[in-house]
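In the two assemblies presented below, chain A is common to both, partnered first by chain B and then by chain C.
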Partner chain A sequence: MDVGDIAVLEREDLDMLIAALRSMGFRTIGPVVRDGAIVHGAVSGAHDLPAGWHDHQEPGCYRLEQDESPELFGWAVGPASWKSEFFAPEETVWRASITAQQVTLSEPDDAAGPVAIIGARPCEVSALAVLDRVLMGGAHPDDRYAARRDGAFVVAVECGAPASTCFCTSMGTGPSARGAFDLALTELVEGGHRFHVQVGSEAGAAVMARVPHRAITESDRSARQDVLEDAETRMGRSLDTADLPGLLARNLEHPRWEEVAKRCLSCGNCTLVCPTCFCSDVSDVSDVSGTVERQRRWASCFDLDHSYLHGGPVRLTTASRYRQWLTHKLSTWWDQFDESGCVGCGRCLTWCPVGIDLTEEAAAIRAADGAVATGERRAS
Partner chain B sequence: MAMTATAEHAGRPAPQRGTLSPEPYRVTGRRLEGADVVTLALEPHHGRPPTFAHGQFNMLTAFGVGEIAISISSAPGAPGPIEHSVRDVGAVTHALCRTPIGATVGVRGPFGTHWDVDDIEEGADVVMVVGGIGLAPLRGALRDLVDRRRSGGGRVFVLAGMRSPDQILFAEDLEEWRRSGAHVAVTVDVGAPGWQGPVGVVTSLLPDTPFDPTHCAAFACGPEIMMRFAARALVDRGVDPRQIRVSLERNMQCGVGLCGHCQLGPLLVCRDGPVVPYGGVADRLFMERQR
Partner chain C sequence: MTAGSRPTLAVWKFASCDGCQLSLLDCEDELLAVADAVRIVHFNEMSRAKADGPYDISLVEGSVTTAADAERIREVRRTSRRLITIGACATAGGIQALRNFAAEGEYLGAVYAHPEYVSTLRSSTPISAHVPVDLELQGCPIDRGQLLEVITAELTGRRPVLPVHTVCQQCKGRGTVCLLVAEGTPCLGPVTRAGCGALCPSTGRGCFGCFGPSEGAATGPLAERLLDDGMAPVDASRLFATFYAGNPTFGDQAVALSRSDSRADLAEQEEPT
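Here is the complex of A and B:
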């Protein structure tokens, strides 16, 4: 097969695909059920995948249910995004041993080896592209992230099970596969359990050369169309993106920011589950032997210290921190990186403990474009 | 996305120091600039320091304490070590200020945009409005401009606001620039016995400064509120807002656009700043609260 080719993989041959990736040296990571959620874990065969599991998502709500269906990908997205595979939640970026005359610096090796991620939704493939631009698209790439990304293999799975919190169609990131995948599968259950397979790269073609597959038929094609069209109609939410960056940029003193701040706990859950949030803190940890480590961990713009300058934080109020988060995702990300920072995965709605809905907040501002909070005046 | 079919080939590029790893530099000089500011002279353990431009910054590491962004306060191309002037305000700056000669600190950089002094129009006046340690990022540029202007062309005006007469930073430099023909005015927040100069905010110096607002380039560096009022006063005098440059400051933990902390609206200050035009960029941001 070549890049752009399409074939069909029977359900019983899915193990062969995973085995091929493993034999080529990849760690195969995919969706598994753990702690009542679909998260990422080691997958050695199709038996590890969440057969019959479905997620029910609402703002502030996530439930898993299992039925008799053979579906392996009958769910939308879980709380874990793929960014953690490439952008470690916590890692040591360098280690130094220090004596009176000498500082010897070393960078810990990434021993884990290249990863194949199985089951990335189209919105998540887009999210990785967004992260790529931030973390390795500039003049000073994050070499640790880049090394992990360059070696990785992406098996996308087109989305047939959007949640009520999903709005990828508004963001142009799904439910069909697009962007940089090596292989894209579409799970087809009606008329025989099988997968529609698109080859997205040379590496993907090389893997398919090791996996039994058959030619596509007209009924396979229409079955995939049905899955994707059904997904679009079941998309739970939408976001009006018309002039959205401009809308938010001209409404920085809108009363809605204060209103949402009354509900927002400033807990940072949304930034943890967001597949594109990239902020990080560094701290130096030293011990008595004279070793110093610089550790980097995920950070959140909802933390008061995030904007700390001598004299205190810049963004003192919850309203200013929520505004920073939302305007960054939907408006200033365009200024900084020439694209949206939101891919419409809906995680920030689901995992917000008070169920704040980004699409609703943006719509509220649009509904009263130009409103200014009473008593608020621009600084002069 | 995998570039090769087999993982064995999908390795890391040739080993090199990571983006976030500092180079070791030796402290070869230290000078007290006032009660709480120390200028450190730094030389790399190996090789020469990379070239930099006026107004750029380095990330300085006090090993075991942390890393912060500090503007370079010497001039590019000047012989000798590169200099950074550090005010002792937090844990890392405190450790840096106490670093003895001969000790090692970490340096990453240079990063950020620069004062584009080479673009100043021939013959135009140059107005520098600074507050306290805000003189440090302009010190190298001032040295070069005073040298350059001595041989003719426009004039150089330095308006500096300092805390008190005994805390006038870079007093020797200010004196030298004055001797070299620059117009130097210093005001203090709080006077002291024997102080003959003005007392008040730095913008109060502007009305008595005889620069040509229609043919000048202005640079402001200091606390944000100082830059806001300085820039506005310059505009009121008739200076084109696009001819004013300011240097922004936000929390920075990487210096290279990766950590997200230095966001200021559309800007990543480490990448798109710290030096930005006032007209069309900073004028708007200065008006927006808590960004």
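Here is the complex of A and C:
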């Protein structure tokens, strides 16, 4: 097969795909059920995948349930995004050992080896492209992220089961696969359990050369079409993106920011589950024996510390922090990176402990475009 | 501290359970290195030997609950170059601050057979209510990693790295599935200061708030969520009042919940200050 080719993989041969990836030296990480959610874990074969599991998501609520269905990908997205596989939540950037005579510097070695991620949704493939641009696209690429990302293999799985919190159709990121995947599968259950396979790269073609597959038929094509059309109709939410960056940019004093602040916990969960939020904090720590480490960990714009400049934090109120987050995601991200920072995965709705809905907040601002909070001083 | 000599460290106990000071002895792997770096000259849990002050670093555990202790903390402050409080008692009054919310003598009568022999102050107060404090380390008990960080930072002359953000951030960092969202388990993580490494949620228990409120904690909206999930106001009140009742952010929320039968009463608690 070549890039752009399409074939069919029978369900019983899915193990062969995972085995091929493993034999080529990839760590295979995919969806597994743990602690009441679909998260990422080591997958050694199709038996590790969440057969028959389905998620029910609402703002502030996530529940899993299992039925007799043989579906392996009958769910939307879990709390973990693929970001954490490449952009570690916490890591040591370098280490220094200090004695009276000398300072020795060393960088920790990521010996884990290249990863194959199995089951990335189209919205997540788009999210990785957004992160790539942020962390590798500029003049100062993030070496640690790049090293993990460059060798990675992406098996996307098109979405057949969007949640009530999903809005990828609004953001143009799904439910069909697009962008940089190596292979894209579509799970077809009706008329024989099988996968529609698209080859997205030379690496993907090399893997398929080791995996049994057959030519696609007209009924396979229409079955995939049915899955995707059905998914579009089941998309639980939508976001009106017409001039969205402009809308938010001209509504920085909108009363809605104060209103949402009364509900917002400022806990940072939305930013941590977001597959594109990239902020990190760097600190140098030492121990009594003279070892010094520079550590990097995820940070959130909801932290008071995040806006700490000389003299103190500049975003003291929850309103200002929520506004910073939403306007960056949907508006100023365009100024900075020429695209949206939101891919419509809906995680920030589901995993917000109080269920704040990004699409609802943006819609409320649009509904009263130009409103200014009473007594609010216009930003200079 | 004078050049060439190790700085001195003293550990002081006020009204407390000793758990926080024992965190120092719990630093088994690092204890010898710490003992090489400082001279521990006053630490009842470790040695009968005591040296007079002044002390370079004083770690103070416990709250002030007696008139004698209110005097003693002034002496500790007077003889300490740096005074660092360790734990919920020393920084917020501890569990014993629950008596601040009860009628006078109510707890005393419930605990002691002969309360007339006990002489205490009306309330349990943090060390900072009595003397200036250089640094407050939160937790019930404190995290020994944070204690080492504070001691190391003091010795190095740098600021310690102590998060002021929420437990949620440590849960997400270690990949713990949110108990509140995925199970409806009551959890104070979204308003509690990180530092424990999100220990309880990692074992399936909601956060008890034992590191006190995070910076800017919005307890009102979280209380509403707990009630939405079916928790009784009195239970939600107890959750907020357990370890950090003496801190107004949690204490005021606990009082509001205890007085409310309905969510409408919580409206004034919504705005974090």
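Here is the rule we use: the second predicted complex is superposed on the first by the 376 of 380 C-alpha atoms of A that agree within 3 Å, B and C clash if a C-alpha of one lies under 4 Å from a C-alpha of the other, contacts with A are read in each partner's own complex, and residues count from 1 in each chain.
Here, contacts are C-beta pairs under 8 Å (C-beta built on N, C-alpha and C of every residue); 3 or more make two chains touch, one makes a residue touch a chain.
The shown structure was predicted, so the numbers you read here are calculated from the model rather than taken from an experiment.
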* To do: Would you check which partner chain A:286 touches, where first means chain B only, second means chain C only, and both and neither mean what they say?
  => both
* Touched partner set for A:141, first chain B, second chain C, both or neither -> first
* To do: Using the touch definition from the top, say if A:96 reaches chain B (first), chain C (second), both or neither.
  => first
* Using the touch definition from the top, say if A:336 reaches chain B (first), chain C (second), both or neither. => first
* To do: Identify the partner contact of A:63: answer first if only chain B is touched, second if only chain C is, both if each is, neither if none is.
  => second
* To do: Determine, under the contact definition given at the top, whether A:328 touches first (chain B), second (chain C), both, or neither.
  => first
* Asked: Once the shared chain is lined up, is A:252 touching chain B (first), chain C (second), both, or neither of them?
  -> first
* Asked: Between chain B (first) and chain C (second), which, if any, makes contact with A:264: first, second, both or neither?
  -> second
* Could you give the residue numbers on chain A that contact chain B in one complex and chain C in the other? => 283-284, 286
* Asked: Any idea which chain C residues touch chain A in the complex?
  -> 30, 33-34, 36-37, 148-149, 151-153, 155-156, 158, 161, 163-166, 168-169, 172-178, 180-184, 187, 189-191, 204, 214-218, 221-222, 224-225, 270-272
* Structure fact -> Listed in rising order, the residues of chain A that touch chain C in the complex are 34-37, 39, 60-64, 79-80, 84, 89-90, 262-269, 272-273, 283-289, 297-298, 300, 302-305, 318, 350-351, 353-354
* To do: Spell out the part of chain B that touches chain A in their complex, as residue ranges.
  => 1-8, 10-13, 16-22, 24, 61, 63-67, 89-90, 104, 106, 111, 249-251, 253-254, 256-261, 263, 265-268, 271-272, 286-291
* **chain B-facing residues of chain A, complex** => 24-26, 93-94, 96, 98, 102-103, 105, 107, 110, 113-114, 134-135, 138-144, 147, 150-154, 180-182, 200-204, 206-207, 252, 278-284, 286, 292, 294, 296, 299, 301, 306-310, 314-317, 320, 324, 327-328, 332, 335-336, 378-380
